[in-house]
Amino acid sequence: MYSVTVSDHVMIAHSFRGTVFGPAQRLHGATYTVEATFRRERLDQDGIVCDIGRALDVLKEVLAPLAFANLDELPEFAGRNTTTEFLAGVLHERLKARVRDGALGAGTAGALASLQVVLRESPVAWAGFDGPL
Amino acid sequence: MYSVTVSDHVMIAHSFRGTVFGPAQRLHGATYTVEATFRRERLDQDGIVCDIGRALDVLKEVLAPLAFANLDELPEFAGRNTTTEFLAGVLHERLKARVRDGALGAGTAGALASLQVVLRESPVAWAGFDGPL
Amino acid sequence: MYSVTVSDHVMIAHSFRGTVFGPAQRLHGATYTVEATFRRERLDQDGIVCDIGRALDVLKEVLAPLAFANLDELPEFAGRNTTTEFLAGVLHERLKARVRDGALGAGTAGALASLQVVLRESPVAWAGFDGPL
Amino acid sequence: MYSVTVSDHVMIAHSFRGTVFGPAQRLHGATYTVEATFRRERLDQDGIVCDIGRALDVLKEVLAPLAFANLDELPEFAGRNTTTEFLAGVLHERLKARVRDGALGAGTAGALASLQVVLRESPVAWAGFDGPL
Amino acid sequence: MYSVTVSDHVMIAHSFRGTVFGPAQRLHGATYTVEATFRRERLDQDGIVCDIGRALDVLKEVLAPLAFANLDELPEFAGRNTTTEFLAGVLHERLKARVRDGALGAGTAGALASLQVVLRESPVAWAGFDGPL
Amino acid sequence: MYSVTVSDHVMIAHSFRGTVFGPAQRLHGATYTVEATFRRERLDQDGIVCDIGRALDVLKEVLAPLAFANLDELPEFAGRNTTTEFLAGVLHERLKARVRDGALGAGTAGALASLQVVLRESPVAWAGFDGPL
């Protein structure tokens, strides 16, 4: 199985609800370094998994609504804890939708097997979501 | 599949027996950066794989007996080469036992699917163990 | 000149005032990885620049008021933009005060020559302050 | 499953054919940091997945033909785009052949389950190939 | 002294003349991760060393002529070995010129004290140039 | 001022004497990633600070006596605490001697201005020595 990974980052504010979060219940923030790994059984005729420039663009595109945002105020996250792992799942879903819409090329959409999204929140903690495309 | 990774480090001394180890048969040491990745199919009601603070505590707890230790003198490793991959397996087993004992919460124990442990020993070499929880 | 560096991290929320900041005028946040480098002309009788454990403790201590905080609400920063470089200066000042108070040992305080503080805010941007102790 | 990873790097020149590559159609180059992860169900009698020194040697050996080379001039790549993912596949194949030839020891060859090769081309892009041994 | 650092990267091909370069006399290439550190005695009224967004833009601007280029073919480098340290000096000079032209703002140009440029060419080698602005 | 840095690593065992060291008084060990930065006012006729291949060789050479060693047993360190900062000073001295002996070339010896040695012992602690050549 081949794979290509692209990375970008985003800076956000948010707070969590639930005693399990301790001091992170307060409004705080994070720099997330985000890695998206696209997997594919065979390379296309150009010898690639997908266009790496387009993959970087699509990643930036799905990160844009989070960039310099207070996630507590985004309607789509109302009533949810925007934990690192939750956001990994959300970004997986949004990247998947963009891929299906042809953002990486019409031929690529059907050829990709799966996608892993990893968000690094600090030198000692990161989270991810891995699933089919 | 969702995942959460926590990381810590430990500094140890040890030596190996067997000509395959060359100069590493001498007493030497290592700084191991240790990463533990917990995987889970669905997030819990708080939106997490597990309590990241507790995960860091449990990792520190299983690393404590190795911290500033000469592994050659630890009875549980008598007659064994404490290679990086061997230690990854040992830490997997110990983390698994702690998780089953409820160290990450009673509900979390049953919900976690698997655990990967990686030990980085130098910029050019690391090892791991991956298995079910 | 000898030096010893210790590192920790902190997650905060804040916003900036001034058109120069563009989208960073909105409430957002950051994970800051903070590095404090203590410099000294000669090692002490134990062969150290300073007690590395104590240095890590003092760093954690000065970071505590920022941990999981919204810097916009901290009275001491009222009317100031808590930029990465500004925070580097603040942490330098606070570490300096703690060192002078003997937090690294009475003998160490007078022997240290200078201190550099670096805050990494993303993979592509960091800032620092370097000055005498 | 146990794993051991070794890493090395190589500096190459090349160009790509196809409009999908944009400016990378021009002759340019890359530093590839290459990681090879060998996986094995059980450790051998020495407590290892494979001899880490030999693994580093074999990795250096398969990288040697690429070191300081213009890949456009290597006959074996004629008519192919030497993309990062393509090279990951090539290195997987060559490492596999060397393992089967006994380069990691006769006993190790049959015991290894799979191999992942990752090439990091920049801080924001990397690619890999993962397959059985 | 305050400082702000921004980072970007560029992928190039080149070759060297001189037996000291060994195999690097052949046409090869590199991914350079480039870090530019701007230093300033006091922060401006916004609390910054310089506009970090503009600094990233200016860095990208001076890297543009090198991006996906064969440095052997650039007229300005004719007869020169484009070593990592040489390129650090060139980028220092070009960034200095852009700063003086007001690319970081008219007020910033006169206030900056010095600039360090570092190019990382591999995990085990990097080079830099540090000088006044 | 130009600079070139080369990096290597070494794995050692040692123990410290003095209550300031706490648990590090026990026999333990470390992986040290070692960085040597050579500085020079002007580049030589080849466009370099020094031959990077030779610099890597000289670094490996001075690290060789420490490789896979128990520093407590090395006669030259008898009665000394082999702290990270102390070792940085020792390696500075040994590299300086090798440079003066012409290990980087006869012409280079006199042209180099200074040398910084940094040893990274863990993700959160490193130390260095910086001085003239």
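Letters A, B, C, D, E and F name the chains as they come in the text, with residue numbers starting at 1 for each one.
In the analysis below, a contact is a pair of C-beta atoms (placed from the backbone, for glycine too) under 8 Å apart; a residue touches a chain by one contact, two chains touch by 3 or more.
Just so we're clear, the structure is a prediction, and the values are computed from it rather than from any experiment.
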{"item": "Chain whose average C-alpha position is farthest from chain B's own", "value": "E"}
{"item": "Remotest chain, chain F as reference, centres from CA atoms", "value": "A"}
{"item": "Copy pair chain C, chain F: interface residue numbering same or different (half cut)", "value": "different"}
{"item": "Between chain F and chain B, distance of the C-alpha-averaged centres to the nearest whole Å", "value": "31"}
{"item": "Whole-Å gap separating chain C and chain D, where each centre is the average of the chain's CA atoms", "value": "41"}
{"item": "Interchain centroid distance [CA atoms averaged], chain A/chain B, Å", "value": "27"}
{"item": "Numbers and ranges of chain E residues touching at least 2 other chains", "value": "7, 123-124"}
{"item": "Chain A to chain C touching residues, read off their complex", "value": "7, 9, 11-14, 23-24, 26-31, 33, 67-70, 121-124"}
{"item": "Of all residues in chain A, those that touch chain D in their complex", "value": "1-8, 43, 46-49, 51-53, 56"}
{"item": "Of all residues in chain F, those that touch chain C in their complex", "value": "16, 18, 20-22, 80-86, 88-89, 123-131"}
